[in-house]
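Paired with subunit B in one complex and with subunit C in the other, subunit A is shared by the two complexes that follow.
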Partner chain A sequence: MELRSHGDVSDVNQPRRSIMQHLKLHRANWMMWMLLIPVAGWMIVFFAFPQLLMLFISFMSQGEYGGIAYQFTLDNYIQMFSPVFLNVIWTSVEFSFIVTVLCLVVAYPFAYAIATASPRRRLFLLFLVIIPFWTSQLIRTFALMFLINTSGLLNTVLLQLHVITQPLNLLYTPFAVYLGQFYAMLPYMILPLYASIQSHLERPEFLEAAQDLGANPAKAFWTVTLPLTTSGIAVGSMLVFIPTLATFFIPLLMGGGKMEMVGNFIGNQFLSSDNWPFGASASVGVIAITLVLIALMFRFMKNAFLEES
Partner chain B sequence: MSTAELQRRPVRSDRRRLTSASRVVMLASVYAFLYIPIIILIVFSFNNSRLNATWMGFTTSWYGTLPDHPSMLNAAEISIAVTLGQTVISTVLGTMGGIALHRYKFPGKRVFVYFLYIPIVIPEVVLAVALLLFFNQVSFPLGVVAMMVGHTTFTIPFVVLVVRAAMSGFDNSLEEAARDLGATEWQTLWKVTIPIILPGIIVGALLSFSQSFDDFTTSFFVDGMGNDPLPVYIYGLMRHGVSPVVNALAAIILAVTLAFALLGERMQRVGKLTRR
Partner chain C sequence: MHDSIIELQNVTKTFESNTVVKDVNMSIRAGEFVTLLGPSGSGKTTILRMIAGFEKPTAGRIAISGAEINDVPAHRRPVNTVFQQYALFPHLNVFDNIAFGLRVKKYPRNDIEKRVKAALAMVRMEPYIKAKVRKLSGGQQQRVAIARAIVNEPKVLLLDEPLGALDMKLRREMQLELKRIHRDVGITFIYVTHDQEEAMAMSDRVAVIHSGHLAQFAPPEEIYSQPSTPFVAGFIGETNLIEAIVNDGDTSHWRLSTESFSLTVSKRNHDIRPGERVTLSIRPESMRVVAHAQTQESRQPVVTGTLTERVFVGAMVKTFVRIGPETVLQCLETAVAAQGRRIGEEVALTWNCDHMVMFPT
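Moving on, here comes the complex of A and B:
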């Protein structure tokens, strides 16, 4: 009612009132709290609190029968420097590094080929990359298991072609874990590389300059294209490296639990080993590493953005 | 002019050079690598043989036998219950959060946004064990409700993200107009804001659904005894050796999640078009 009485178009105060209202829209009021409190509450109770609990438990001792003894200790963090755990970390880092490099080596020429296709075809080719991106990673892993297991299609075909005389034991080996992770991560590398190569090719001045100055295509690629697509390489590598570092179900399914990454190690502390406090400290460590890497990635993205503009 | 054209030619030919056979082979082999395992999985769910590896003719009987396995039906029921429940909660809470983050300024907003998005970037196994620890410490029983809570926690950030994106083109003056015409805050929300961003909300819900439906890691830790949802159930089956029944089940999950994701993509496009 009040609003309506002021609603006269010829009102001199009209512009000022509208600005006031605009501000009111953005100022905290009961409606804001009503919208915000449920989601904030949920995330505090079921995300922040469990993580704080994890931090707390990481400073507690292991109980005699696998439970938690509420006594302060730094043992769990000291234990992170034990050969067993360092070995797990090393396995994970090495694994993530190799998977990232493999993805990069395959994805770069692939993304380049898409970026140089005709615009209409490009859209279709890109769409074909995005579909596996959306497809359940779990089912894609099952599909690989189905393909390479001892009685699977790959072995059957190879046997029938007399390439091999005995079925290959591919599943439940480190090779299978590499294959599974590579298969899952490849689209994550292709997409940022494509974006970066595409925007580079849209401004051919640099490449033209290099060729005018007598660089052959190989040299032009190494000295111009590759450096100018560093941001895509960096972002793609991070998008592959970070999830791979704490990958969980791919080593479990493809490796049959034989190849223990840090994600599986943490899981096992909570499931089979029953050393929850140590699992908690390892988990805190993984979160810390992940957040640092994410911050680095955003730094790269920001730099890339600044270069563009 | 002609010299400039000459100079430009090498770059064009460089672009064209990759159109050669080697380029086609490379594109084809990567696409084959990405698609063949999935296609084979689906094709062999129609294979008329218990042994999985050779093609013995077309049949749909494996799909027909799915209801004969009571444990599988149980797993399907659990999956559907968890997914539907968590989709409702995450969509409602995420939408409210997304609207609030678009509309209001408040101290600590930046930190709050970071806080909301962290679950997207940290490894799922870390979220899952923290929830297991939490449920254990507060003596909350593992099972369907625990899974619902776990899934909701990692899908809420995605809904917030999508709803915020949907609101980014939102014209605040529409809300002002509604209020100038005497609508209450509540009416403005229901009759103006929500109908306009509805495509975005639906996209968020679809995304949330498909993420929950094929989740393995969180369910694996908090499902408790005898409450395996479909992905964990299939994992159990795969350990006892493969069977076309597993293929059929996997193909169904694949179809459901992909359909929801594609539908979401479609909606997003429609939403963008109608806004203009």
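Moving on, here comes the complex of A and C:
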């Protein structure tokens, strides 16, 4: 008892307090993990596990009568360098690139119009962008087919107005595939662009500074607004490019299977050719291409993200 | 006014139903350093933005070098602005920020480089030519913003509270820098601030803006010694404002009375009528505290009261004297003169009426 000086008292209190803090901290951590379990569980069971399975199958051989023979091989990966498959990949990348650029060119002015509209009008325009999300992509694609087929609304109207004498063969052409994909992807480009342009316009001093230094509105747009909305362009482009690279039923329905994308190719390996190992290696390949493109995009856009924030 | 570079005639600006600038007339001479001074919301920034071309006057006329510019868009005006938050382009480095205006005007490449380097030297930022703007401190960004504006050799440089975001020490430093830059480049500066000390320290002339009106436009000394309204007197430096009424007079003097004392003023200096209400403004440094005994000195007013507070401000002492239930006057004395006085003591105040300003109420 005599040993208990003032110093001892504080020494006793000090760790006690920190233990309490420690417990509190741990409880918060524990709660956080609890909340994460359902999502994490879902992702592990339905995403990570199938992907690992795919990776595993991609190194297996095709069975003599289809199916999987559990024999290690690299053939599926070597097969990816065959001209047939490279051609499919190239078609998909080119298609995705063109669709992304089309979306960007159309979405930017629209997003700009939303950002500069009066609050009432802005709400209405955003509503228009969001409406498509209320219906399934598949149903909207059918609706679009119905609009452009030879006896569809578009041809009927044009014939009635005597703009054309023969119905236009639009459906089951590459044009239809582009149209379908562009239509499906447009909202994913508009929304991030709108967010980016909106926050840029909330700080009008950059545009004012450009004007002040002699830039007319067009020049100010190219030299200031466009570079300062790079993050929106990057996010929108990724949201359009990646799903388009893996698009499956739009080329099938709108193109009648004549335009083969890598998505269709992989589907065929599983569904008709019964070559699961090659289908698996092809999908691993697409994921790899996507990851490389995302990494490149991030590297390219890194400074833009830092500067805008 | 053939030598005026900027001319504002009856300029009025209304936002929706709110008139923020009312019938302002100003003529600014080439090479002048003019400050628009006023409390926040007084309309001073709106005046600057109208000169820059970011706002259009609702009524009136703005001219640069004699030519009306009301309908000239901002990008074609021969003026440049230093913005309050600098507004440096975050996606460009220091060099590209400063070169922006020259590139827009399609200057040759090596000419641009020469001019940018000269502008950087002017603001003493040469080592940062390739720096990212977001890596610069506030003071450095400020210097780049000034370089970006002056590199275009505008006829007029507009500065919108450019030192507002800096700490006190840096502010003082940049004030001197700006004065030097003004001297070196010799162009007209129009400077907006709410800091009256800054305005007094830097300007050739100060325009005091009070709720949209131009209250007074004169050199700092004149604004201080002959303020045009009680607002100006109170806003620039400290002053004692006392309500008074004119009673009567003899051949040479008027007699005035206030709530707690009366005084006489010479008829020569003041054009007033019996019965008129006036406001007197006496600067604290014009007042003297005197002993009761020695107060019968010619025509100088004498007021007695209780010393309520003493505050040291460096070499000076601020003495507060309560002379009535509602009225406390302050007097600025040297620390030596104020020595030995105690709070609660009865004292008398006197002042020279030549240093007193009178406003009609």
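One rule holds in what follows: the second predicted complex is superposed on the first by the 238 of 309 C-alpha atoms of A that agree within 3 Å, B and C clash if a C-alpha of one lies under 4 Å from a C-alpha of the other, contacts with A are read in each partner's own complex, and residues count from 1 in each chain.
Rule of thumb we're sticking to: a residue touches a chain if its C-beta (ideal position, glycine included) is under 8 Å from a C-beta of that chain, and two chains touch if they have at least 3 such contacts.
Worth saying up front: this structure is predicted, and the values here are computed from it rather than measured.
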Touching partner for A:L245 - first (subunit B), second (subunit C), both, neither: first
Which of subunit B and subunit C A:H162 touches, first, second, both or neither: neither
Touching partner for A:S151 - first (subunit B), second (subunit C), both, neither: first
First, second, both or neither for A:L253, with subunit B first and subunit C second: first
Partner touching more residues of subunit A, whether subunit B or subunit C: B
Partner chain in contact with A:D212 - subunit B first, subunit C second, else both or neither: both
Which superposed partner A:V224 touches (first subunit B, second subunit C, both, neither): second
Subunit B versus subunit C as contact partner of A:L53, first or second or both or neither: first
Common interface positions of subunit A, toward subunit B and toward subunit C: 208, 211-212, 220
Residues of subunit A that touch subunit C when the two form their complex: 205-206, 208-216, 219-220, 223-224, 227-228, 230, 303-304, 306-308
Residue ranges of subunit B touching subunit A (in the complex, touch as defined): 7-8, 10-11, 14-15, 17-19, 23, 26-27, 30-31, 33-38, 40-41, 44, 51-54, 89, 92-94, 96-97, 99-100, 103-106, 112, 115-116, 118-119, 121-134, 137, 149-150, 152-153, 156, 160, 172, 175-176, 179-182, 185-186, 189, 210, 214-217, 220-221, 231, 234-235, 238, 242, 246-247, 250, 253-254, 257-258, 261-262, 265
Complex interface listing, subunit C residues touching subunit A: 52-54, 73-76, 79-81, 83, 85, 87-91, 100-101, 104-105, 134, 148-149, 152
For the subunit A and subunit B complex, residues of the former touching the latter: 1, 3-4, 7, 18, 21-22, 25-29, 31-32, 34-36, 38-40, 42-43, 46-51, 53-54, 57, 106, 109-110, 112-114, 116, 125, 128-129, 131-132, 134-140, 142-147, 149, 151-153, 155-156, 183, 186-187, 201, 204, 207-208, 211-212, 217, 220, 242-243, 245-249, 253, 263-264, 266-267, 270-271, 276, 279-280, 283, 286-287, 290-291, 294
